[in-house]
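In what follows, chain A forms one complex with chain B and a second complex with chain C.
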Partner chain A sequence: MTEDDIYRTSTQYRLWSFTRESLASLRSTTNASAADGVRAAIRSQHVGQAGSDPAREGSNDKPSDPAKEVDCLTVEEEQKLVGFYCVKAMQFADFCEFPTNVKATAVQYLKRFYLSNSPMTYHPKEMMAAALFLSTKTENHYTSLRSFASKLPKTTPESVVAPEFLLTQGLRFTFDVRHPHRGLEGGIMELLGLAQGKGQAGPGIKQSSEQLQKEMVDIEPAKESSKKARSADEVVRRIQVAHGKAKEVGKSSALLTDAYFLYTPSQIWLSSLFLADEPLARFYINTKIPTTSTLTPKLISTLQSCAELLRSSASANPGEAEIKALTRIDKKLFKCRNPDKVDLVGINKAQKRDSKGAGENGLDERVIKKRKLEREKSEKEAEGIFGPTLAKETN
Partner chain B sequence: MAMSPVVTYDSTSNIKVTATKAKSLAVRTNSISKPQNGSTSEPGRGQELAERLNDETKQKYVKDKKLGEGTYAIVYLGHLKADPSSLLAIKKIKVNTEYRDGLSMDAIREVKYLQELSHPNIIALHAVFSSKNQNLNLVLEYLPLGDLEMLIKDSEGIRYGTAEVKAWMGMLGRAVWFCHENFVLHRDIKPNNLLIAADGEVKLADFGLARSFSDPYRPMTYQVITRWYRPPELLFGARFYSGAVDVWSMGTVFAELILRFPFVAGNTDMHQLELICNAIGTPTEENWPGVSKLEGYLKYDKAATIPVRGKDFYLSKFGTAGPVGVDLLMSMLALDPRKRCTSREMLEHKWWSSEPRPTAKEDLPKKGGGPERMGEDLKRRGGEIEDGRGDRVARKLNFGVAKS
Partner chain C sequence: MSRAPARNGAAPRRPGDEDDICPVCKSSRYLNPSMRFLVNPECYHKMCESCVDRIFSHGPAPCPVAGCARTLRKARFRRQTFEDLHIEREVDIRRRVAGVFNKREEEFESLRDWNNYLEEVENLTWNLLQGVDVKETEKKLDAYKRQNEQEIKQNAAIESQENANTEAQFAAQREQARLRREAARNEELDERREKEEGRREMVDMMARGDGDADTIARETQKVVLKKSTARRTAAERSRQQAAAKVDNGAAAPLFSIQGLKRVVQPAPEKEYDPFGGYVIKHEYYYLRDHYEHSWLDNARSDAQITAGGYDVREYCARAMMEAFGGLGVFVEDEIREREEMADKGVGTASAAAAGGGGGEGVDGDVL
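Let's turn to the complex of A and B:
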């Protein structure tokens, strides 16, 4: 069983790997069905209001459909918004001093969740905390909910776990995320071994350890401006520099782009090494696969396209213009949020209550009314840039 | 009992990926991106794709009678709606009302690892779905023939020899090797977590304590693995350890299979260490360089030090395994985890190719624990065993409020 065979049994491959086309089509389907949901919810709410308050609807014979006027988010806008909250999640993870794997998994949870859900239905601000908390549990860095919630502004324990169930469902109950980070560390260890004359080439390559060590000194420099290495020690330093750069890519653009959906973990780390020091990466690949192999050009072209994607990443520190654009999207979202799904804490409670057999008709209606009041109140309060504050506990 | 269930996987959770990548991707995205337009009209309004997929999964299975109920889970016998003759176990994880931190760690670990590991000697997770009240339901392979503990204990009714032990150990070894190959530590290997399928195949179950290998410098808890099967490094409080902990557990299972009673069965952690010293030898800097630096290491009186037992000792106790088998057992029970064989080395040992050949799985002795025994085995959470033995269990994971 090869490593590839094993990877192909992973849920990351089976459920979360896509071609560019299938990824795009999935996102547009999700966007369209969420927009339908928003319109339907607004329409039914409007009908409800019209029924109870006929005075407001003076011209009853002219059925103007309020849902038609709703300007829904486009796929691009959804993407921007989710991307922004992925960055936020990373900042919170750094603030809480969570290790890289917790941070990286949380971001992938968000990205995976929003393949089948739209920010119009569930606001990423609320999902973000849930994703980060879930990832502390799945990545063995459990922090108690209370202390977790206390670290985030305007966050209650209830608001963190309320969307957890939705999140796990959106993740299709697969929690394992395969990251490129461990692979990178392994590759760097091998490179260091090669530089110290202790490395070994893959099958079918006949250079000795000493030859490989010598060749390494002769690798052309990473950039035309930088000088060639003159000794094994300088090669080691070069590897360390490349390591630092590649690691940075692994912690930022590898997470924020669609790299995890489109490429395997090993392709991602090799591509980040490619970005950091291309000649070094090529040398490394040549110690693994004979240059004459037909696999080499195929691999290189995949790595190049992945590197291209990694280079194109939106920055982890959005500039002023970006913030402006995000503010506009969030304002727009405020008008096209699915009104049925705003109060996640309430929905979560109601679901749990239903299951216990309690919460019959009377109570339900009362809760609904309460929730509606709550919603209206929070709508009034919604002057902040990113929409209303999270719903408070209703009872 | 009939054969183990033939489950028709849906394309979205197809475990045997035979198609080329492009093809399987096409199938997969089809099923995820095409909402069935007809059925989504009224009841589907406001229902998202994920919810719909969940419902589709849920619709495929039918729960039959309850097999067992514990504090952590209820286990049902079930079948595929499309095939009433199929047999499945459905494990419904209870939402713990006292645990307010969302989905519990046990449930997360079990689902996370079983979703990834598909191997003939690891219990198969066919699907996961939630019922409307947010309970998680795990659809598991049906394993009606009890577990290894039952067979070991029934020394009156069940006779077996080296060939059978070899067959069982081989299946266990392959399961553990596969876990390690996937960077997963099981951390609770013991006979009653080794369930038996209708065809005699042994399946490793209960991944409630499993975790991925730690990254370098990231400490792990040492409060894992049921005491009798726990290696000395964990008893000494090691926070950095490897697959060697599972190999030790396998070694104790191996010994137990031969002895037909637990090899080192301590009543407390201290007692456990004492028994290990007596049975195997006292861990010292000489036989285990660095051991004295472990937090929980006990200074042993030089005079009271028991030298590491030689091959003769093992031959006298485990002679039925033959000299080659004893050699394997000794390397699995090496005190120093660095000298212990890895799960891979275990499978490469010459014992497997020497006489006698392992018994074919269909000829292995069967006891027929029946569905109820599976219910008993599955309802436990990771590391839990039946009442009365609870005090011997590694259950004190440091999750704060996680454990009630």
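Let's turn to the complex of A and C:
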């Protein structure tokens, strides 16, 4: 088994990797089916209202279909909205001082969830809190629900937990997200070793560590204006600078774009290194894969396209124009939300057994009440010395 | 004519030596006291040793008995074991057949099978003994011998091993008995000597005249008694020790439990591989023992971290694995291929689900 085979066993590869086309088509089908759902829900609500108010119907001589008039969000608008809440999630994670992996996982959860669900059905504001809380659990960073909810405005513990099952379902119960961050650390560790003349080239390349160290000093500078490195120490400094830049890319644009769906984590961190210091990244790839290999040009072109994607990412701090556009989308969303799915807390409660809302879900309210009384009675009796009375035999 | 003086103990008397005249050369024991008779299992005609030497020294020759004319070899001549030559012959034949048909009861699934087999073998033997269909029977015997050479050899080995075991056991028992006898004899000698000494001492003391004769006699008696009991217990102890020694020493090679089923020796176990042949082959890097990274140094030396068993090398291995896991995986190509497979219907249902087609299944909501 090679490293690649091991990556192929991950759920990220098996379930959450897409081509650009399949990603786009998946999003548009999700949008279309969500829009249908919204229209159907609004129509049924309207019919219900009309049935209870026949006088109004009589006055209305032209029965117009309100559902047809609903202006649903487009795929791009949905994307923008989700992106904005991803940024919000990152800001909130920073505010709570969560580590990078929690933050990154939460953002990926949101992105994955909104591949198969639309913001018109479930508002990202609610999902954001749930995603962040779920990721503190899956990334092993314990935070109590109460303290978590108290940090968010207008949020109760119930509202954080309510969409959790929905979210896990949307994630297809796969909680593992492979991030590029640790991989970047690994790569930098090796680069530092190479710079200090202790490194080793990959299998299949015969170059001594001294040779590599010498070559490293000769790498062209990242920008034409900057000077060439003269000693190993300067190379180390250069690596550290590139490391810092690449880290920033990994923490922001890698999360906000579709990079996780389109590329592997290993390619993502190498592209961020590409953005930070291209000659260094090229040198590093050459120490790993023989230049004669057919893999190299393909890898370079993949890395370049990934780097392009990362560069084009929306900034983590949206400008004024963007905010304006976002408020417009949010207003539009207010009109086209699926009315059945607004009260997530209520829906969540209704699903639970013996809850108040269960009346609609089959069990009669009287039955529930009776059961509750019986239970309370038997509990009270059980506390007595001789236990509860035996059930009477029916004659 | 008296035979007794002829038997001067020169040749030990053996069955078949009664007819003291050789049927071939007609010489008698009277003339040759050391005469011995030999038979050849080919025809069981008896003749004296000098006749055998004379006739068969120059190679195989026909039997000199009138009307026999079988070709005999000198090497096959031997002394007879039984007086009756018919029995001698029967035993020979039985031994030969048993050497070939040496299957064991353990090899059969049921007693009935074993008995059937025995009956078959007995029929064969009887045929040979009585001279019924000898040619055919011999052929059968030969064929069986050729077919089952390996098994016959194995069973023969087992049998000889068993015989050796029983013999060794007998020898051990004999040796033990001898030791016991010797010990008893020694004990007796000691006792007698001590008694003698005691008496002599008593006489000496009386002669010296220090004390009353009666008390001296009583005391000496006591001493002798004490000595003898002490010796007896010591002897008992040494006997027990000897027995234990014999037990321990002989137990390992000589003692064998009978009635055990023989088990086939299992093949030697291979070296244990906890991963069941699962190997990770690094394609892009060699894992090094030490990586230079400023913030790893802290983890290496901090007692709070190392006390729990945290090993920085684990982190390094994981970081390197994540750095290159999937470097050569081109999602764009591979996923497209997978989708095409799913579209063609070649792939499995899970592949179709993994290909992204499953998205609709998830978005149909449960509420």
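By definition in this document, the second predicted complex is superposed on the first by the 349 of 395 C-alpha atoms of A that agree within 3 Å, B and C clash if a C-alpha of one lies under 4 Å from a C-alpha of the other, contacts with A are read in each partner's own complex, and residues count from 1 in each chain.
Simple rule for what comes next: a residue touches a chain if its C-beta (ideal position, glycine included) is under 8 Å from a C-beta of that chain, and two chains touch if they have at least 3 such contacts.
In this text, all values refer to a predicted model and were calculated from it rather than measured experimentally.
Asks: Once both complexes are superposed via chain A, do chain B and chain C end up clashing or fitting?
Replies: clash
Asks: In the superposed arrangement, does A:18 touch chain B (first), chain C (second), both or neither?
Replies: both
Asks: Just checking: does A:297 make contact with chain B only, chain C only, both, or neither of them? Give me first, second, both or neither.
Replies: The answer is neither, since A:297 touches no partner chain.
Asks: Who does A:186 touch here: chain B (first), chain C (second), both, or neither?
Replies: second
Asks: Touching A:2 in the superposition: chain B (first), chain C (second), both, neither?
Replies: In the superposition, A:2 touches chain C alone.
Asks: Taking the superposition as given, does A:176 touch the first partner, chain B, the second, chain C, both, or neither?
Replies: first
Asks: With the two structures laid over each other on chain A, which partner does A:116 touch: chain B (first), chain C (second), both, or neither?
Replies: both
Asks: Considering only the touch criterion stated at the top, classify A:264 as touching first (chain B), second (chain C), both, or neither.
Replies: Only chain C is touched by A:264; chain B is not.
Asks: Mind working out whether A:33 is in touch with chain B, chain C, both or neither, as first, second, both or neither?
Replies: Both partners.
Asks: Which holds for A:140: it touches chain B only (first), chain C only (second), both, or neither?
Replies: Only chain B is touched by A:140; chain C is not.
Asks: Which of 114-122, 222-230, 348-356 or 366-374 in chain B clashes with chain C after superposition?
Replies: So the stretch of chain B that bumps into chain C is 348-356.
Asks: If you lay the two complexes on top of each other, which residues of chain A touch chain B in one and chain C in the other?
Replies: Looking at chain A, the two contact sets intersect at 1, 6, 8, 13-15, 17-19, 22, 26, 29-30, 33-34, 116-117, 121, 166, 169-170, 172, 182, 185, 340-341, 351.
Asks: Under the touch definition given earlier, write down the residues of chain C that touch chain A in their complex.
Replies: Residues of chain C touching chain A: 278-286, 288, 290-293, 296, 316, 318-332, 334-336, 339, 354-356, 358-360, 362-363, 365-367.
Asks: Which bits of chain A are touching chain C when the two form their complex?
Replies: For this pair, the touching residues of chain A are 1-4, 6-8, 13-15, 17-20, 22, 26, 29-30, 33-34, 115-117, 121, 166, 169-170, 172, 178-180, 182-190, 192-193, 196, 198-200, 202-203, 261-267, 269-270, 288-289, 295, 298-299, 302, 340-341, 347, 351.
Asks: Residues of chain B touching chain A in their complex?
Replies: 12-15, 17, 21-22, 25-26, 28-29, 32-35, 45-46, 48-51, 53-54, 95, 100-103, 105, 108, 111-113, 115-118, 128-130, 132-136, 181-182, 211-212, 214-216, 218, 220, 399-402
Asks: Can you check the complex and tell me which residues of chain A touch chain B?
Replies: 1, 6, 8-11, 13-15, 17-19, 22, 25-26, 29-30, 33-34, 37, 40-41, 99, 101, 116-117, 121, 133-134, 137-138, 140, 142, 144-145, 157, 160-161, 164-166, 168-170, 172-176, 182, 185, 338, 340-341, 351-352, 354-356
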